Amino acid sequence: MADLVQEFNDYRQKMNEKLMADNNKVIKRIFNLDTNAYMEGALSVPVKELLGLVASAVLRCDDCVKYHLETCYKEGLTKEQVMEAMSIATLVGGTIVIPHLRRAYEFWEALEQNNESV
Amino acid sequence: MADLVQEFNDYRQKMNEKLMADNNKVIKRIFNLDTNAYMEGALSVPVKELLGLVASAVLRCDDCVKYHLETCYKEGLTKEQVMEAMSIATLVGGTIVIPHLRRAYEFWEALEQNNESV
Amino acid sequence: MADLVQEFNDYRQKMNEKLMADNNKVIKRIFNLDTNAYMEGALSVPVKELLGLVASAVLRCDDCVKYHLETCYKEGLTKEQVMEAMSIATLVGGTIVIPHLRRAYEFWEALEQNNESV
Amino acid sequence: MADLVQEFNDYRQKMNEKLMADNNKVIKRIFNLDTNAYMEGALSVPVKELLGLVASAVLRCDDCVKYHLETCYKEGLTKEQVMEAMSIATLVGGTIVIPHLRRAYEFWEALEQNNESV
Amino acid sequence: MADLVQEFNDYRQKMNEKLMADNNKVIKRIFNLDTNAYMEGALSVPVKELLGLVASAVLRCDDCVKYHLETCYKEGLTKEQVMEAMSIATLVGGTIVIPHLRRAYEFWEALEQNNESV
Amino acid sequence: MADLVQEFNDYRQKMNEKLMADNNKVIKRIFNLDTNAYMEGALSVPVKELLGLVASAVLRCDDCVKYHLETCYKEGLTKEQVMEAMSIATLVGGTIVIPHLRRAYEFWEALEQNNESV
């Protein structure tokens, strides 16, 4: 199941590199903004990552959810905290979020397994 | 093609069990509400399932559409009735719903094939 | 409060007439399709109106909700039936639907008041 | 401008009371869940309110944004923190969020004015 | 009806100035990007404005639609061209777009009236 | 990678034929409208295809994006033009569009490779 993480990151990195090598300035600047927006400010990095996670979940973007789950994991957020954030997303976004919640849970388990096997 | 149904149900059940075993009360209660909302009341179960199907289709959630197609099928709704509901979803939700309509049609055929082979 | 209904219908009718007088064929045909889709077929008119209502509610379009509430009312659907449909919409679409539910409830009351005062 | 807050709260309370007086159990339970989900747990109340705010903003629900802005204000979150959360919402949700950002900013100013005048 | 344009522009400008005076860098940079993205490049300005219009219409943001209608008008696009773009938006986005189409048509008429009265 | 194009077209064609063979008139007429809406009118075919592409991208429908990328390619639009349209979609729709942008870029490369190998 750890492959789930690797596969996601490999494809993401490969295509991001292609998009950056392309010469569209607006896209490059959006990517750049995306990096800056989650840096520490008036809110801490973990809180910002949870905000990104919930925004991604209610907009039902599996890849965005996976990305923020991984950063949440790296920031040391617990499964309980992440699941509380996802529960708010499911309540606000409705039962339509549930299939994404299932895939998010599976991805979080893959992140945990990945780490145990190191 | 019958495997399409089995595969969907297996993954759904496996992950739902994990989510239920997790101790997030909000998620558990949303799941519980989800069961109650479709029970007979002022509206019949088949009508409620069609409402769930159309809500899922316009919000473009393939898994939710599959779930309601299966319950519609079990409730004895005909293909013609289900397609009329899907046509309203496609009209209200726009041509952006069409790819989901294709996958819904494929899933309905799998449900029918599944039954014939029993 | 009855004015809420009149005001909605007047603006809707005025602008629809302008759109029909304009010579865009695609828009005219979409309007035409919109009329046909809710006619009796394998599903009854009231069921189709409920489907239109729920689709409108989860997509959070107040004007579309108002339109279908009025047709539901004319088709003789009860407040209890309409509220059951709206409850499914709120569950599937999430708490984000609640502000629209409040306005829908207000509009339904206006429809009832309108009728009593006749 | 303070009336902006009062007007929002009055309508919201009036219609919520009507919805609660109505006998739809699913809606009542969703309202009840909505209260519980934002209570302190593995995440603090202010963080949960920010999550609700961002979820509301990317789903572009002005009333939901207003509600969470008010709770954020009551929880003592600063304008800078709230604006950081809104900036993430605008980045994730796109420029389509900007009109809602304008109205959110106006509402926050009304909350501040309201408080100063007490 | 010309006031419709003035009112929209006044509020938009007032709040944008407040947002720019606020010190959130991410929001400032998104605003800045928004200006650059519609400048002439491989695609002409009128085509880009039509793209912005259709994106706004299918995402059902009245204020964004108004903004792009005004820029389309200033770029010399005809009502017929704008209505063709809106017809594609209505087809792709579904009948849920129709209420926004009504308001867009009204705003375009206000733009035309505004100009005649100069 | 060229298989990406073939696979998409094969499934799309197979299911569209089934939907057309089915006797739901509303769906048939929506399909028919879909063909007519992109024909030359006050706007050229390439511009209309770009409008369809951007509408599909902000509504985050991968299959719809693929379909319009292919027609854009056949209409002779350059990669630079298509990427400018996609950059507007990403700005308007937010970073949530990025995963779809990655898949769109991959599909465009497949279209180019397909053509080179002929």
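Should a chain be cited, it is by its letter among A, B, C, D, E and F, assigned in written order, with residues numbered from 1 in that chain.
Note that in this section a residue touches a chain if its C-beta (ideal position, glycine included) is under 8 Å from a C-beta of that chain, and two chains touch if they have at least 3 such contacts.
A quick map from chain label to UniProt name: A, B, C, D, E, F = Alkylhydroperoxidase.
For clarity, every value in this text was computed on a predicted model and none was experimentally measured.
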Contact steps required, at the very least, to link chain A (Alkylhydroperoxidase) with chain D (Alkylhydroperoxidase) come to 1
Of B-C and B-F, the pair with more C-beta contacts is B-C
In terms of CA centroids, furthest away from chain F (Alkylhydroperoxidase) sits chain D
Comparing which residue numbers chain C (Alkylhydroperoxidase) and chain F (Alkylhydroperoxidase) contribute to their contact, where sharing over half means same and under half means different, the two sides are same
Given that chain A (Alkylhydroperoxidase) and chain B (Alkylhydroperoxidase) share one sequence, their CA atoms superpose after a rotation (degrees, nearest 5) of 120
Note, CA centroid farthest from chain C (Alkylhydroperoxidase)'s centroid sits on chain A
Expressed in whole Å, how far the mean CA point of chain E (Alkylhydroperoxidase) lies from that of chain F (Alkylhydroperoxidase) is 24
Distance in whole angstrom between the CA centres of chain B (Alkylhydroperoxidase) and chain D (Alkylhydroperoxidase) is 32
Rounded to the nearest Å, the gap between Cα centres of chain A (Alkylhydroperoxidase) and chain C (Alkylhydroperoxidase) is 37
Among chain C (Alkylhydroperoxidase) residues, those touching two or more other chains are 26, 30, 33-34, 37, 55-56, 58-59, 64, 80, 83-84, 87-88, 90-93, 95-96
Among line, ring, star, complete and other, the chain touch graph is complete
Chain E (Alkylhydroperoxidase) residues touching chain B (Alkylhydroperoxidase) in their complex are 58, 90-97
Within the complex, chain D (Alkylhydroperoxidase) is touched by chain A (Alkylhydroperoxidase) residues 33-34, 37-38, 41-43, 47-48, 50-52, 54-56, 58-59, 64, 78, 80-81, 83-85, 87-89, 91-93
Contacts from chain A (Alkylhydroperoxidase) onto chain B (Alkylhydroperoxidase) in the complex sit at residues 60, 79-80, 83-84, 86-88, 90-91, 95-96, 98-99, 101-103, 105-106, 109
Given the complex, residues on chain C (Alkylhydroperoxidase) that touch chain F (Alkylhydroperoxidase) span 25-26, 29-30, 33, 36-37
Residue set of chain E (Alkylhydroperoxidase) touching chain D (Alkylhydroperoxidase) in the complex reads 11-12, 15-16, 18-19, 22-24, 26-27, 30-31, 34, 55-56, 59, 61-64
